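Please see the structure below; I have some questions.
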Amino acid sequence: MTESQSLWLIPILPLIGAALNGLLGRRLPKMAVSAIAILSVLGSFLWVMKCLSALGNLDTPHAEHYFTWIQSGALEIGVDFMVDRLTRIMLLIVTGVGLLIHIYAVGYMDHEEGFSRFFSYLNLFMFFMLTLVLAKNFLLVFVGWEGVGLASYLLIGFYLKEKFAGDAGKKAFIVNRIGDFGFSLAMFLIVITFGSLDFTKVFEAAAKMPVEAHAGILTAIALLLFVGACGKSAQMPLYVWLPDAMAGPTPVSALIHAATMVTAGVYIVARASVIFDRAPIALDVVSYIGLLTAVVAATIGVTQYDIKKVFAYSTVSQLGFMFMACGAKAYSSGIFHVATHAFFKAVLFLGAGSVIHALHGEQDMRNMGGLRSKIPQTFATLCFAWLAISGVPGFSGALSKDEILIAVHGKSEWMFWVGVVTAGITAFYVSRAMFMTFFGEYRGKAHPHESPLSMTGPLWVLALLSAAGGYLMRDLVHSIGPETASHGDHGSLEFIIVAAGLLGIGLAAFMYLMNRGLSQSVAKALGPVYRLVYDKYRVDEFYDAALVRPIQAGSESVLWKGLDVLLIDGVVNGVGRTASAIGGILRRCQGGHVPSYATWIVLGAALVLIGFQLVGGGR
Amino acid sequence: MNSLFPTSADFIRFAPEIVLTVVGTLLMLLEPLTGDGKGEKPQLRWLAIAGLALAMAAAIFAYGDPGPAFNGMLLVDGFGTFFSVLVIGTGLLTVFCAQDYLIREKQENGEFYALLLFSIAGQCIMATANELIILFIGLEISSISSYILAGFLREDRRSNESALKYFLLGSFATGFLLYGVAWIYGLTGSTNLATIQATLAAGGVNPRLLALSAALMFVGFAFKVSAAPFQVWAPDVYQGAPSPVSAFLSAGPKAAAFAIFLRVFTTAFGSMADRWAPVFWGSALLTMIVGNFAALRQDNIKRMLAYSSIAHAGYVMVAVTSHSTVGTAAAMFYLASYAFVNVGAFAVVSYVAAKGEKHVGIGDFAGLAARQPLAALVMTIFFTSLIGVPLTAGFFGKFYIFKAALDAGMVWLTVLGLLNSAVAAYYYLRVIVVMYTHEPSVAVNELEPASSGLQFGWVAAAAATLALGIFPSALLEFASRAAILR
Amino acid sequence: MMLPNAVPVSWYLILSAILFSMGVAGFLIRRNIITVFMCIELMLNAVNLSFVAFSYELKKIDGQLFTFFVMVVAAAEAAVGLAIILTVFRHRMSLEIDDVSSLKN
Amino acid sequence: MIPMPNLDVLGFLVLATFAVLCGLSVILQKHAVASALSLVGVMGSLAVLYLMLGAEFLAAVQMIVYAGAIMVLFVFVIMLLNSGSERPAKARYFAYLVGIPSLLAFLGVISFFILKELPNTSSVQFGAFTQGGPAPVGRLLFTQYLLPFEVTSLLVLIAIIGAMVLAKKEID
Amino acid sequence: MPESLAQQYFPLLVQILLAVLVAGGMVAAGLLIGKKVKNRVKEMPYECGMTPTGNARERFSVKFYLVGMLFILFDIEAVFLFPWAVVFRELKLFAWFEMVTFVVLILAGFFYIWKKGALDWTQTETSKAHKPPTALDLMLSDELEVAGRR
């Protein structure tokens, strides 16, 4: 046990920021508000750095006990924080990316009202997220778990002037409650199984238990935890809330719904890897769900025109990849992808935000185009992210994605291939978004203007990270867990994956770039060229008819309209509707008439009387 | 049996009730003598506060020498003291939270405080009662004064109606309770819980007739704690009664009723738990469902809180069902946390509702955060606690309760209970969102700042909620030590 | 018919049960608030009979004492209850119990 | 013993019948005053039954407090509010179709168990148990049950306040 | 002893029977012997002269209720005083203290009511003038409206 690093400072600083902004932010000038917000996060980032440097390479986890929280019978739960190699990564991501996004948000939210409110919520979120990450027992994790849910709920509902944001918040809320339900149930199961909630105790005990060939208590715990994870990390079928959550301000989408909160699910699965390793059934479920999510979300992404929606679905699908990794026991690869994804997805969202900002709130890609000259910096930074997510070698995205797919290959062949195709589709729709946004001629009305430095600055940092970050963090990440298959010779597999990515880009370029570029020149082209162009055009149409339309139509009608909108939305809203319907019936029992109330009492009395006679009389 | 004449120890153990009675009588006598026209009597208010504080001190002091009093009529033990202190504390909080309301309605007078103190005295008797007759009388003292308090606004239709319903249905249910007492007396020849327990443990009492009396008493108690299917009165009464009174009713009398419920069924009827546990199981489940689902559709916030109080009674019933010291401790903790939260929440409601309780719609809370940040903040704390968000008292209340339920092997009840609390969160959050994200409503715009007393009440309640949420151990340890009833 | 030459206590208990149920029934079916209240008194009286019968059965007079207390309680309830009924009547101008149903759902 | 159906049996049967009839008329009379008077009848017959059960003092108190005071108050209020007979009933299906059957079930269960499980109760003989006089009652009341006795005064106080708070009109 | 108790209560029984007989007998006799004259004048409350005004069911003031309630409370006190007086000799001072506590509390209530002015009946009329009339007053004023509801 090394000497105390007073880890508690890390979450407390943002909390102080939140309190300051929340209580007297209304009276402070914007400068002060943003200063408080940023400095609080900066402080905790620096403190993280200090702690990590002091703690060295963490061969043994560093734990700190502050006070005993609950002492009921055998069960003792303390407020304990812990830093191990897994936590280290998460801390760096959360505080680092969080800091950048805070800075970005200052610029982005400049004209919004409720400036201080926004930042106090954002800091509050940081507090809970850091608690979640640092917690040493499930209960404390649950604190953070609930807290981030609450914060994101408030932030999604931030623009509640539009009713839509309210509904989005509501959906997010219902789905998250389902997740929390699973998590808390898992927690109770853990309590009665291991008599403790402390990570070290629980996992030591679990490590002694045998691998469950058939579903057993561990499987139940693992699955329930995974239900919670599905809720938080937007996996099938609980992912519906995430695309709608885009109603919130873009920095929120970037921070909460791309970089940090949604990865909490992956984190908890990785954290509980000991349990999952002993529950193969649960592992299979995890990987299947992950795969399914990845595919469905990616194909839906192809059809979207709202730029934020595209990235939202891509987030869902990337999270699917992460769970695939966990399913294949390659937890470190999953966390690795969490890290890289945090970088490039943050860039994508912030870039998108910058675009929207530039176009005064325009989100429909059909009204964009040709922006690369208008907002070059945003474009440049987005290119990094684009290449990263498409898995172009040399960018960090490729590293993690390769690891994942290789690990999956180790688990099962066909899943690997599906994953590869999905990777291709991913590359396709992100490129599509890029081309529709930045290439071609501008189709919108608003007058674009480059964003202020406070926005572009963070973009650049993150962009560079999404290029190099992977290489920086690789060793840190791999120090976490079991040696993954990533090392050793998988040249062929890696080649396939890269090829898939490039193919996707190429296809997109073909259909959204050349087509457009050539078709412009067609107008003024001369005869001989014309034929060629014409053929080209044919080919293109052929492609269009043979590939794009079916994919789009298929995923549009089946996946998006059918599954997403009808089925899952239907279910989620249906839950609400049934509940309130029951409520209506119950209300009708309250007619306000004393005799009928008395009747209830008499009825109850008779029932109780008979019940007491019938029940347990024999025993 | 010691001498029939009371000793000083007896009086010490009865001290809280004595203090409350004396001060209450004093208030009653001073009422006609202190009259200033504008219906504001701070001196009486402070007298009431002092009396309550003194009574709390007396209760704590009495715990220094626990034991039976007045020939086994009372039993001062940890359990009883816990609830005595709890109801007295609730009363204190209520006095602070009621003052604005009473002044606004020109109703601040000695009678209100006197009745409050008498009612609390009755609840203290309930908390420490170890004999069915004194228990019954304590219950009636608490109830009758509650009837009057519910109808305290003579000129308000809703207040009358709530008083009438509460009174008629209350005495109706009391009839059943009394019938049960008669039977248990007839079967065991005693009304002293200890004697009854011994007699039953010795056996020889016909189990079926015993079940008869147990069932009848169950009806009476379940009514008082508003457990389904005997909860029908609660929404109407809480909605119609003056908000501070609703706050008090949903906290103090309910806690005391649970105290006797627990005491009677764990001591006297403890030996026949296998008979009553299933009925409790069903009632608990039904109560949770009715409370939560009916609350989903409410637009009147007082009514919503009434249904939510039913739902929370359901959670406590879960704890009672587990029939273990853990469960009892959980119930005690939960009731404590719930009392503060509810009084606070109703206090905010009564503040927003304004004169004549015009604004009790949820929409009337729109934009409260913008105009009255403190009110909104404390309300948020209370509601998060009611939801059961961690770091608030409500979370641990639920945590312990469901843990106790699982320890008792009631997995299904736990699962369903958790589902219920998942549903419940919706209607609380609705209010929070309305408060923080909507444009201020008319009601909110014309609010005057709250008086310092009211603000103190809020902050005290909120502080207690957070304190119990962050450092629950102290209270829980006491509870689990006190939960061993015999 | 031939009457038995002694009445067991259980008959008194059954009489009390019948009277109790009558009170309940009256509570359910009557509309005049005061009459409804009287039905509660009827219930209490029935319970008192049980108390006294049991105290005879046990040859202990505690039961009779309980009856005293029940009477006091009944008196207090009567005083308060009738006062409440007065206030209600003042606003409703009616004693129909079904008219007192503005709080509902 | 007396060979004829003796005082106990006859008295019980007569009084019980009377009480039940009065009870019926309480819940069936259309006019409140009539119900009140029938209730007095019930109380009277109960008083005599108490007497037969050896509760002499209680019987007296029953007449004094219940019939003498409480019912007087009822009649006062009835005359005060002077609401005539009840309006013709709106159908109250829930109460009738659910309440009455469950009430019958309730009564059935109770009386069934009284008869089945409580068969050999001692038979009531007038004068067999004579502890019901004021002296023994007082002795017990002021020693063993001292606390309830004192506490009831609190009950009375509450009643006073309540009546004043709720019923006072022009006063103050 | 048992017989003696029966004897003890026998006169009471006889008296009740007598009372019932006499009262019933008189009514019966009136019905049998008296000759029936049925006309409006005969039906009037006051056969001789003055024609009654208003509804026969005259309402009482709420004061009656308050007094009736006070009566109950002191009735209870009396009920408790009786056994107390009987056992007073045995329990001596202790019983005295008990009863003093009890009586003091009840007298406190009495004092309260007194101070509240529930007992002086004159004040009401004067104050009625400037107080807004409650529904009950309205009822007292117009019977007909209520009579119409019946």
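As written, the chains take the letters A, B, C, D and E, and residue 1 is the first residue of each chain.
Following the convention adopted for this analysis, a contact is a pair of C-beta atoms (placed from the backbone, for glycine too) under 8 Å apart; a residue touches a chain by one contact, two chains touch by 3 or more.
Please read all numbers here as calculations on a predicted model, not as lab measurements.
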Cut subunit C out of the contact graph: what components remain?
one piece
Chains in simultaneous contact with subunit D and subunit E:
B, C
Selected pair, greater C-beta contact count between B-E and B-D
B-D
Farthest chain from subunit A, going by mean C-alpha coordinates, please.
E
Report the chain ID whose CA centroid sits closest to the centroid of the full protein CA set.
B
Where the centres are mean C-alpha positions, what is the separation of subunit A from subunit C, in Å?
65
What whole-Å value do you get for the distance between subunit C and subunit E if each is reduced to the mean of its CA atoms?
21
Express in whole angstrom the distance between the two chain centres, defined as the mean CA positions of subunit B and subunit C.
27
Per the centroid of Cα atoms for each chain, what is the distance between subunit A and subunit E, given in Å?
79
Junction residues of subunit A, two or more chains touched
587, 590, 592, 594-595, 598-599, 602-603, 605, 607, 609, 613
Subunit D touches at least 2 other chains through residues 57, 61, 65, 69-70, 73, 77, 80-81, 92, 95, 99, 103, 106, 109-110, 113, 118, 125, 137, 141, 143-146, 148, 152, 154-167, 172
At which residue positions does subunit E touch at least two other chains?
62, 65, 69, 72-73, 75-76, 79, 94, 105, 108-109, 112, 116, 134, 136, 146
Each pair of chains that touch: what are they?
A-B, A-C, A-D, B-C, B-D, B-E, C-D, C-E, D-E
Can you list the residues on subunit C that touch subunit E in the complex?
68, 71-72, 75, 78-79, 82-83, 86, 89-91, 93-94
Subunit D contacts subunit E in the complex at 7, 51, 57, 61, 64-65, 68-70, 72-73, 76-77, 79-82, 84-85, 125-128, 130, 134-135, 137-139, 141-143, 146, 149-150, 152-154, 156-157, 159-161, 163-164, 167-172
Across the complex, what residues on subunit B touch subunit C?
133, 136-137, 140, 144, 147-148, 151, 154, 157-158, 160-165, 167-168, 171-172, 175, 178-179, 181-183, 185-186, 189-191, 235-236, 239-240, 303
So in the complex, the part of subunit D that touches subunit A is made up of which residues?
92, 94-95, 98-99, 102-103, 105-106, 109-110, 113
Provide the residue numbers of subunit D that touch subunit C in the complex, in ascending order.
1, 5-6, 8-10, 12-13, 16, 19-20, 23-24, 26-27, 29, 32, 35-36, 39, 42-43, 46, 49-50, 53-55, 57-58, 61-62, 65-66, 69-70, 73-74, 77-78, 80-81, 83, 86-87, 89-90, 92, 95-96, 99-100, 103-104, 106-107, 110-111, 114-115, 118-125, 129, 131-132, 136-137, 140-141, 144-145, 148, 152, 155-156, 158-160, 162-163, 165-167
